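Labels A, B, C, D, E and F are assigned to the chains in the order they are written; within every chain, residues are numbered from 1.
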């Protein structure tokens, strides 16, 4: 079945991004297709490459990057939510006149239309938040 | 009176950083001393300079930067919480082997001891969170 | 098949479970995840409410979240079904749609 | 003077206000801010609880948060005191210490 | 993005899907109300079948006379009035949620249909995609 | 940082202050339990008078036999056992919170003193700094 995932909270503060990761892995193992993982609200903060969690804990962003590489996942960070919270890719940094960017490998920044498209295209939308 | 403020949530997602800002302004207007504003948990995300909120809304980080300049405030971002969430200054970026930093003007990264010191030194500690 | 309602909040602190139960039609499923799993345990002040809901609903609880919180299947109210993440995925596909009571 | 308890959660969704009231000694103050101000309005299912608490506590509500939520002083339960941010600061200094029921 | 997408032809349910936005949180204390509204506005361009339901603390989102000057946060409640212009016209409010908060439809900034909790439950079951934030 | 700081001499209450950490949230669903514990550990070096109270869902923080393998999150509950080594020995649990969750002290990973809600209230009033996350 074709599934999409929505993540509404940032990494570590809430379990949402962890639960979404475990769910996505299990869905892939069962042979389902993940059409898209959309990061909204504070969920956009999952997409920073600047995080350095303690060595004995998981690195949520790197887990998503690795999963995306292994399964060619489409990880989309909402542009409007990302602007509010300071998640930038090279393009956005240029457009906003910022002197750097922090988007992690495997994530792309795009519009809310991508969430609606996921809703239309997927047979199920599963939401993880606070 | 000597006051300290603790902010436990990031900008925009929760009102905490806004409430803390209004409270701090009012305290300064009344002639109180703000010993320190400490940003913990997702509160560290207030300290990013990469945010670009919509033009008709407030920029919480810039408000703090301006208030810190006007009143010589000590805005401290917890180093451990900042590492988890990807808030870096130049030093931290070097130490962690990251290719950039995103700390905003007027904020400094330091240890949790600064929170305890604020608790010892201040006559009141006021906490804003979720 | 009806809807699957997911609840991820502690029933002692939030009203998400109450809201979910108030809006779940007969035959709808309830899946407890994250801090929502605290509703699944027997001997608490909310156990009776959950047992009563079993009349109209299948109620599931996510095992990994149960174990993380120091509990096992033995603590779970009789009649609730413990699932793993694979089971969570199966429920999502078996029910018609999913509604998250955030 | 006793403690000032701040409550920033909606009484309809969270139990923070209940917890604060259970742990406030006679003479302690309660200050409602952010979504906590919803407890301050008359004519709701929680108004009676708040009125009862006035016997043992001074209860304050932050005006700016009241207005933001489409309410005015007229909606506030009689006996509650509406304060602005300056009043919030005064309460913090007048009471011995502050406890936030996050 | 408003043009029909190629994959819409493959949709078993046809190109138009029933989207419901569930609004259960108060405004300003958290951003969910605002960012949910931002999704609704973008979604309008996709010409889907959109329904909004306000229940629990979500009914406060559409309370009249919000004045945010003194908290320094943008008042976004007038935007609910703009929804009609985007052909978003199915706005439902749960009766029980209104009543337990001492509110009536006179307190609300937009015209809505008031339905009870069982009708909300049925309405949800009719949807294809339910978005909650 | 563990050395006495110059400003401690100016403290009207003397160099040692009464700090209370209020733990009201369940572990893992949110980070507050873990990051509160991290503050307690750092604070130990400051040799203040430290009290921890576990109430509401916070009592679940010290539930025995937490096993987080399948959620992929670090199990930090053993760290509560280390508190004694840092001379953090005043651990209180609220009786009503335990009972309403069907728990007893046998379920807890560390020795605690069980006190009722009125005793919790009195204990709070005795503190100088109350930290909650």
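Everything that follows uses one rule, which is that a residue touches a chain if its C-beta (ideal position, glycine included) is under 8 Å from a C-beta of that chain, and two chains touch if they have at least 3 such contacts.
Because the structure is predicted, anything quoted here is derived from the model rather than measured.
Touch-path distance (fewest steps) from chain A to chain D is 2.
Summarising the inter-chain layout, the chain whose CA centre lies farthest from the centre of chain A is D. Two chain pairs are in question, D-E and D-F; the one with more C-beta pairs in contact is D-E.
Averaging Cα atoms per chain gives one point for each, and the point farthest from that of chain B is the centre of C. Between chain A and chain B, the centres computed from C-alpha atoms are 26 Å apart. In this assembly, the C-alpha centroid of chain C lies 29 Å from the C-alpha centroid of chain F.
Distance between chain B and chain C, defined via averaged C-alpha coordinates, is recorded as 38 Å. Multi-chain contact residues of chain F (touching two or more other chains): 28-32, 56, 70-71, 73, 129-130, 132-133. Residue positions 8, 12-13, 15, 19, 22, 41, 54, 80, 125, 127, 129-130 of chain B each touch two or more of the other chains. The residues of chain D that reach two or more other chains are 8, 12-13, 15, 34-35, 64, 84-85, 97-98, 100, 102, listed in rising order. Pairwise, the chains that make contact are A-B, A-C, A-E, A-F, B-D, B-E, B-F, C-D, C-E, C-F, D-E, D-F. Contact residues of chain F toward chain D in the complex are 22, 24, 32, 55-56, 96, 117, 120-122, 124-125, 127-130, 132-133. In the complex of the two chains, the chain D residues touching chain B come out as 6, 8, 33-35, 64, 84-86, 88-90, 92-93, 97-98, 100, 102. Of all the residues in chain F, the ones that touch chain B in their complex are 1, 5, 7-8, 11, 15, 17, 19, 31-32, 35, 38-39, 42-43, 45-46, 48, 129-133. On the side of chain C, the complex with chain E involves touching residues 2-3, 15, 19, 22-25, 28, 96-102. Every residue of chain F that touches chain C in the complex is listed here, in rising order: 25-30, 56-57, 60, 63-71, 73, 75, 77, 100-102, 107.
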